[in-house]
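What follows is a pair of complexes built around chain A, which joins chain B in one and chain C in the other.
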Partner chain A sequence: MTLADMKQMTPSHPMAETALHPLGFSRARFILFVVTALAVVIAPFVLYPIFLMKIYCFIIFAVAYNLLLGYTGLMSFGHAAFWGMGAYLTAYSAANWGFGFEAALLTGTVTGAALGLIFGLVAIRRTGLYFAMITLALAQMVYFICLQSPFTGGEDGVQGVPRGSLLGLVDLNNDWNLYWLVGTILLGTIILSNRVVHSPFGQVLRAIRNNPARAKSLGYNVDRYKLCAFVMSAALAGFAGGLKAIIFQIATLTDVSTVASTEAVLITLVGGIGTIFGPAVGSIIVLSLEHYLAPFGPWVMFTQGVVFVFFVLVFRKGLLGEFQSYFKTSL
Partner chain B sequence: MDFNLNLILGQMVLGLVNGAFYAILSLGLSIIFGLLGVINFAHGVFFMLGAFAAYMLSEVFGIGYWPALILVPLMIGALGVVVEVTLIRSLYKLDHLYGLLLTLGLAFAIEGLIRIVFGPQGLPYSIPDSLRGAINLGFMFLPYYRAWVVIAGIILCLSVWLVIERTPLGAKLRAATDNPQMVQAFGINVPVMLTLTYAAGVALAGIGGVMAAPIMSVDPAMGTNIVIVVFAVVVIGGMGSIFGSILTGLALGLLEGFTKAVFAEASSTVIFVVMVIVLIARPRGLFGKMA
Partner chain C sequence: MADYVLQAKGITKSFGAFKAVDTVDLDIEKGEIHAMIGPNGAGKTTCFNLLTGDLPLTSGTIHLEGRNISGMSMDRIARRGLVRSYQISSIFPDFTVLNNVRFALQRKRGQSLDFWRSERTLDDLNARALELLEDLGLADVAGERAAELSYGKKRALEIATTLALDPSVLLLDEPTSGMGREDIGRVVDLIRKVAKGRTVLMVEHNLSVVEGLCDRITVLARGQVIARGRYAEVAKDPLVVEAYLGAAHA
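Right, the complex of A and B next:
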């Protein structure tokens, strides 16, 4: 079974689904969305809000990644560049140019999109494994540039990023205010991703993923659609990275390193490639693993590797993907 | 910028040393990809394991460089057999991307394990006594060991090329790359061939690791660092031609050395820049066949 075959298992008539249910979700997804929203409300009373916000940023990052891998069929190994540069530019513009919260975040998002356009123009010339290798190499180039440029602060990173306030009204230095904002953004991103996937645009992307030759023969400009999906994904990844920089008030070389790219891949794989809620499930598992194993140093890397191998061999569709085929619904 | 000819020539010769490693690694990647359809992300890790195996042989058993050059590839090859049979084999019927994901996970697991056992710091491995010293080339003093790496690397790559292009075994390999079903119908055991090809490819990386041990620091990250550059080399060369990947590897090493001499800041990015240019001008790579 190929990746494409697997995706064809998702129900075929999204238009029928979307017409009936609130916020454009199918029934199963709406239930999951309500569960997610409840979890966002309850979680900060149980767990450390900063850790939760980190998870949310990675969920948004993985949603961006999944839009590309799951719904367009392009496997990028270079998303660290968008996430990391988004973080750098958000941090830098807030710390050095006096940009407020919204302007800084917008700067990060635009940076991600612009970089995505450049990467996309080069990388979509090849498909499949080449695409993966090219994006990896381009991201490594960005990493080396960041390592040498003065603006990134080298090993120190961009520190002391001011969080500012939302629309000049809500002080974001208060962790709780920031938490509710990030939680809302997360829920908004999930709604948005579901909308995009089920829009006519999303349908074309899926057609391209399942059968590029056929999509082309139907008159769609395949490369243009791929590029568009790539830029969207990069913009959202830049946004997520920027949000992370604001929350932690720092942007570092780790954000642009290969590690961040592989994290996006791992989260998406664990949660379920091509599922709306997979990134959320994957982020919770992968980041918890990292969090609780962190005191044991290199065991994190070892465990991540084992999880990778295990999921590829046994749960290739990811947790939600397996659920999906078991209950014959789409999540 | 300071154009010192001696410096440029010197850096280019040293660049050739890196080029030899690029050639050895991209050769193995190409052979594995050609037959198995798997991009072996773990290739760098096998390179790193080669260096650690040489280190362990010398520390624990007192076995020196020359025997290690024979023993280590056998050990890494054996490990390759195990990996192919237990893990990679089950993925051939799936999308190629799963092979990439699996070997990526494998690379993480092995590198993590090495970090757990040896720690993150570099370990020393000394140059064999017979290759100490340097030769005066007029524009530089070239250490004998580095000269040996370049020459041995080129000979190694060329002999692999000869085996593939000029022997009956190589002919079977090329035929199986082209049409595995047909070759199997002729009574050749293709699954065994796949296993041995994977083993041979990673064994090559293992030899590279032994050769790198005395000049690069033996540390867990050495494989990951080099393998990303080698991916770029493979994209530039295109995977169609064995000879092409050898030539590309060496040429890019030279170019990297040249850049180090004239514009050092760009030396770590120059290969990626070349990749972008090649992709724009000739997407299938310099020596790649049409898709």
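Right, the complex of A and C next:
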């Protein structure tokens, strides 16, 4: 091969695709995106829109989580704090301050980001298990504060959250209107996450996941990049929690408890860490299991445990992670 | 005073009670190729770790181009132009060989916080990355995953990545170890070539490489400098001979 040939070739990723498709997707990812979009359009005619919207919120939450775990290599056990506080502040501002849909969601997002900045500043210098433990401890503190302070409504939660309308035009009390909006937001989030991951910034994150020490010795301010990723992830988690609060018109202690953090971890691992579409696959599997096993009461937990162990043992990289290795293309 | 680019005064690193580096002074002149030699465990790598900020100093000071860099973080020191390669190759295993080098070029160019642009904007760095790979005989594996490279090629890749940053002071920790004769020749030629316009400090066990390449050497044993000067003078120093023989017998 001549040097000229080599210069033609542009491997931008170990599993590089040469052609660039619309919206910045590779071909494989573009196909998956089309499939996802079709599923979003068809699904509400088959399944309950409310259940679907719940899945979509968790997909967005897991996309946020995956940005950290999958692309930066940071394991957080405290994402419930961002999701839950995002939900609370969205709900509270809509119910008590008369904030409209957009302003309330923005409040939830900013809450997530601000909390993420605090968590990040405390934890970012630690790595591995220490990092995970600090995020867990901080999230437990947030839970405790929520349990004690009156604004969360204690066990009752913040109820009767008005959904409002989109830009004052589209009435969101109509489930179908809300569904199309949430579906669009989901697709937008996937485009955005693909964009971020496959950007120069995303390249730095992946390098940090690969070899943080070398990234640092090449002159990258690794802690700053990690902090940026952490705040982005927390903001998106807060946004997802806020969206869920609007859809269900309630924010509760469950949202801010370790249950929510576990959900993010589980979905991401089942779907495939470090893949754009893994969160979608993971959310569908995990939430469907929960939903369809709900009649069996405590068996949900047991089955969840079995599924988790199964995935860890059989699909070490998660479902899409395994596909990714098999087809040698990044999904 | 001579024009010292890199100057260490009394640098010390203790691991518990053990002093791996014990009040070492270093004066590296601008534009020279300086070798640091000494038996295994003498503290050479630890010395590098102190100079680059990989490890915090126990005591002592380091000046880079007249500025005190003691206690500065590793990435800041790197941005000031002091960049190293590691004894144990440090690469990005999941990246392609090309992207390993390109990642270093990306830092030089800036814009690494751009999260709204496509990574394809980095493609215009490919040509320069390939040139560097050519220099190290890696052009034909540019598209491979770095993890798949042989030991020697990983070392070459790390050197290419280090050079991509165009450092004013280049620290190489045993750049030729584990390489075949042909690759050693290539790396030696390359170091000679890239040394023009910059300063090189290298740890090297192959004394014929040192003799052919380096202007001055510093000999370390048990954490301390036991000799320094031109190769021909130092090689005759009885302390040095003893340190080497002693190590060989140990």
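Heads up, the rule we're going with is that the second predicted complex is superposed on the first by the 313 of 331 C-alpha atoms of A that agree within 3 Å, B and C clash if a C-alpha of one lies under 4 Å from a C-alpha of the other, contacts with A are read in each partner's own complex, and residues count from 1 in each chain.
The definition used in the following text is that contacts are C-beta pairs under 8 Å (C-beta built on N, C-alpha and C of every residue); 3 or more make two chains touch, one makes a residue touch a chain.
All of these numbers come straight from a predicted model, not from anything done at the bench.
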Message: Output check: A:Met75 vs chain B and chain C. Expected answer is one of first, second, both, neither. What do you get?
response: first
Query: Regarding the shared-chain residue A:Val307, is it in contact with chain B (first), chain C (second), both, or neither?
result: first
- request: For A:Arg27, decide between first (touching chain B), second (touching chain C), both and neither.
  value: neither
Query: Looking at the overlay, what does A:Gln140 touch: chain B (first), chain C (second), both, or neither?
result: first
Task: Check whether A:Ser217 is in contact with chain B, with chain C, with both or with neither, and answer first, second, both or neither.
output: second
Field: Doubly contacted chain A residues - partners chain C and chain B
entry: 1, 3
- prompt: Along chain B, where are the residues that touch chain A in the complex?
  reply: 33, 39, 87, 90-91, 93-98, 100-102, 104-113, 115-116, 120, 224, 228-229, 231-232, 234-235, 265, 268-269, 272-273, 275-276, 279-280, 283
Message: Help me check something: in the complex, which residues belonging to chain A touch chain B?
response: 1-4, 75, 122-123, 125-126, 128-130, 132-134, 136-138, 140-141, 144-145, 147-148, 258, 262, 265, 269, 297-310, 312-313, 316
Message: Looking at the complex, which residues from chain A come into contact with chain C?
response: 1, 3, 6-7, 9-14, 16, 20, 24, 195-196, 198-204, 206-207, 210-211, 213-222, 225, 228, 232
Query: Residues of chain C touching chain A in their complex?
result: 52, 54, 73-76, 78-79, 83-84, 86, 90-96, 98-99, 103-104, 106-107, 111-123, 126-127, 130, 134, 139-140, 142-143, 145, 161, 165
